[in-house]
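First comes the structure, then the notes that go with it.
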Amino acid sequence: MPNTASVPEAVTDRELRAYLYGLPGVDEVGAAARAKDLSTRSIKTTAKARAIDLAISMVDLTTLEGADTPGKVRAMCAKAARPDPEDRTVPSVGAVCVYPDRVGNAVEALRGTGIGVASVATAFPSGRAPLEAKLSDTRAAVADGASEIDMVIDRGAFLSGDYPKVYEEITAVKEACGNTHLKVILETGELSTLDNVRRASHLAIRAGADFIKTSTGKVSPAATPPVVLVMLEAVRDHHRDTGRHVGVKPAGGIRNTKDAIRNLVLVNETAGPDWLTPDLFRIGASSLLNDLLMQRTRLSTGTYPGPDHYTQD
Amino acid sequence: MAERRTDAKKTARKATRAPARLAVRKTYKLYLGGAFPRSESGRSYPVTSADGDHLANASLASRKDARDAVVAARKAFTGWSGRTAYNRGQILYRVAEVMEGRRAQFTDQLAVARGTDRAEAETIVSAAIDRWVYYAGWTDKFAQVIGGSNPVAGPYYNHSAPEPTGVVVVFAPQEAPLLGLSSVLAPVVATGNTAVVVTSETEPLAAVDLAEVLATSDVPGGVINLLTGRAGEIGPHLAAHADVDALDLAGAGEHATGFEEAAAESLTRVLRPGPEAGGDERAWLDPDPGTSRMSPFLETKTVWHPIGV
Amino acid sequence: MAEIFEYAPAPESRSVVTLRENYDLFVDGGFVPAESGENLTSLNPADESALATVAVAGPTDVDRAVAAARHAQENVWGPMSGAERGKYLFRLARILQERSRELAVLESMDNGKPIKETRDADLPLAAAHFFYHAGWADKLHHAGLGTDPRPLGVAAQVIPWNFPLLMLAWKIAPALATGNTVVLKPAETTPLTALVFAEICQEADLPPGVVNILTGAGETGQALVEHPGVDKVAFTGSTDVGRGIARAVAGTDKRLTLELGGKGANIVYDDAALDEAVEGIVQGIFFNQGHVCCAGSRLLVQESIAEELLPRLKERVSRIRVGDPLDKNTDLGAINSAGQLRRIREATDSGEAEGVERWSPACDLPTDGYWFAPTLLTGVSQSHRVAREEIFGPVLSVLTFRTPEEAVDKANNTPYGLSAGVWTEKGSRMLWTAERLRAGVVWSNTFNKLDPTSPFGGYKESGYGREGGRHGLEAYLG
């Protein structure tokens, strides 16, 4: 995990605005073209095998449904710890990701596995709740043993230009997290422009985020390649300027091995190989894991397995 | 003008009797950078009427005059091409207005120089004036007719627009000193180019009269520069001049091939002599030549820009 | 951590290409040997292996080809209805699409450019060019070039080695659409895709003589453009050869269009979208190994942003993958020929001798073949040779400017005028700059984009005439 940043000092509206509007713009067409160019990288044979295992180790195996039960969470945790019961060489996933009230179930199920539990918090997914409710949401998850908090930013405040509100919420949640790592969800699908993605990324990073995360998974579009590209540029630039590594987590819409590997290529060629670790790159997904497992089998056996050879959860 | 002609004829006949009033003759000079200098070489050459009578001594432009003309035209280019198309149209129309006011002068001049009757000269002068009106109307239209947007296969705004080539050397038609000259010159400047004109060698006087119109028509100095003299003498220097962007060889005659070869060295654009080039004023009467004499002196610039949020 | 994700080799299969040992000339619908019996060998610049030999056309062969083209123009192609001509072009476009994998691999082998580019740029654009012009064939009277536009006759076309098939498409498609017939000479070092195109003409049942392909070197090209039987000359290549051609056609009735060299300025203002500007700079100079007449070979960066931009640029250039052109992950392939490699080395060395600073990322170049690492030259000023002369290789000269006026002055301070780039997030500044640049193509916030609908061609010594779009038709109609 990255070094947790110290809680930054309060900033004025004027300072924040000057900072965010001083960032270089993003040309949407150019960013999309670069992401598309990188998507044509051909990752084959040994490189593909390594990429698949790396991707498995980066998955935040996620269930965020109103219908989540203790049983559903326990089943997912079993899968997270041993993705393929028949093949012990398969790495375990990066973490599981659940709602705050399921953290206890997950912590219990994963005891002794070393796999972390991430909890969404702060009135996920909309973030439309009073700050106090968001903080108590966070504290509850931390108290129940969450090792990572995935908070959402107040997109309404961001879009209305109330940057201090967004900033101060993040710093407050960060404080409530204590030593628990904080991922800040930008919900890029609601931010509309890549300029906003860049500004929101730097705002979150500056407010103390350990990770910046694209999406809740409840809004489309989610983790599109240009969005991931711009967020990777933000953490790259922050590292160049301060030496601090901030992680990136695309979530939503990454459903198959090809998408996952394209994300790894984006990481490799944008932020650089330093980020090719679960400590700095995660993929929020649920159905992706089985596709990674199927492709893994195909690579090692040369034949295509069927979906029923893998557990659904 | 009429008096001057009479005067000239009398001179030719070595008149023995002084006239009641001695006419004031015009000195025919070059038109360079908005001024009327004599050739720096101090040379002149006699110009005669169609009947062989001596009309005047025209300045015989030198290689250095040609070089100065290119400098003047280059200097004027940024300002002229940077004016609005509407403004250029206004100025070209003003040329026509001022010509109209001097149509008697042009008619007399042309009748003597060409040896035609007044009616014929009237026809040509009218057509010449109308030619300036015609191109005055083109200044703010050719870009729409020639340019446009291009539907490229991608998220890009893509637009092509014509721009003036730059400094154009015009070898004016030899046998069509007014309408021919106007027909080749007006399109060059209508499109925002600046011009160095080598006039008809044997009939240069109409060009100098036109220069006087230009000088009083808000045409900025240097936009049009007129050199009277011999294409064969100054043409090679102009054709090979690296700061000349295009040649109109309408009146280059036997020199056309040599000038085109010289132009090749700096990839100077060349408009070869067309079917009307060897003809007299009547060959230039077509009232609607379209874009044919503008597009050779235009460059197409295509600009791309992404379309995104 | 780097070794965790090295890309394994991902070579495109060569098996889609079936090469003959020797190719004859394509004249009047058939392959015929050259009168002289001479041949030249086309090499794979990535490993210097021989790919095939091709015939060298001499004056007699040029006579035959021009006669065949004349006969076809007067008796078949000219009289044919525009709609029917168009259908042939549509057919050619479709076959190019169908055989695109084969042609992409062959182009990569013969030229040295990466398969990624032949697959994603050369081939799709070549097919698109035929498709676009096919639709014009029966609509020429709507092109704003007169109510009864007529073909000129026989077009002599000489093309370069940097985009062999794409340049063929740029030449042949408009000529055919407008009712002309062609004799085309591909470049000496890259004749093979043109010869496959000849086979495609047969496959399309194109009437004999409409397209004739004469292989050979400079002398063949000279004999072709100077042949008294041609009505139109179209040349893409070096400015020096272009001058010679302009001289040669002087005084004739031949129409001429020239697409020549360039030294494109890529202007980056301090408010640019930096990451995309860096991509655009890279695309501008390293696309196709810099063998691009419209390359952005002069970077003009505003001094106030230079220190921010250059490290980003170097970091990005360090990620360029140089190597096997047929590897799908290769960004920068082989230099096309030993001669071109020598010229690039000579020009770059001269820059160093003049005191500019030279930088290339660490990269392992293959031992066989012709290779040149991506190179930045910094500390360059206008008077340096590397700021004035076209290098035509993966070498970027970096200059700085202080004000927009200075940027425009420096950009225009070249005898060339083909392309330029502008990077700024401010619309009015972009338009102000674009308006003042004396270049035929201005890419703002992008670079090296090509499209069949978009006219392409230069100002000043970059040549004259336009290719592509409605404007491009003018060169082939009288």
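Some observations on this one:
We just call them A, B and C in the order they show up, numbering each chain from 1.
The definition used in the following text is that a contact is a pair of C-beta atoms (placed from the backbone, for glycine too) under 8 Å apart; a residue touches a chain by one contact, two chains touch by 3 or more.
All figures in this text were calculated on a predicted structure; none of them were measured in a lab.
Located most centrally within the structure is C, per distance between chain CA means and the overall CA mean. The greatest centre-to-centre distance from chain B, using averaged C-alpha positions, is reached by A.
Note on chain placement: the centre of chain A and the centre of chain C lie 44 Å apart, centres being C-alpha means. Averaged Cα coordinates give chain B a centre that lies 39 Å from the centre of chain C. Look at where the CA atoms of chain A average out and do the same for chain B: the two points lie 71 Å apart.
Of all residues in chain B, those touching 2 or more other chains are 156, 306, listed in ascending order.
Residue positions 27, 29-30 of chain A each touch two or more of the other chains. Those residues of chain C in touch with two or more other chains are numbered 445-446. Interface of chain A with chain C (complex): residues 24-27, 29-31, 33-34, 40-48, 50-51, 54, 230, 233, 264, 268-269, 273-274, 276-277. Considering their complex, residues 27-30, 32, 192-194 of chain A touch chain B.
Residues of chain B touching chain C in their complex: 145-146, 148, 150-154, 156, 158, 160, 165, 242, 245, 256-258, 260-261, 263-267, 269-270, 295, 299-306. Taken together, the chain C residues at the contact with chain A in this complex read 1-2, 4-10, 116, 120, 271-276, 279-280, 319, 328-329, 425, 445-446. Chain contact summary for the complex, chain C toward chain B: residues 128, 144, 239, 242-244, 246-247, 250-251, 258, 260, 415, 430, 434, 437, 439-446, 449, 451, 453-457, 459-464, 466, 469-471, 474.
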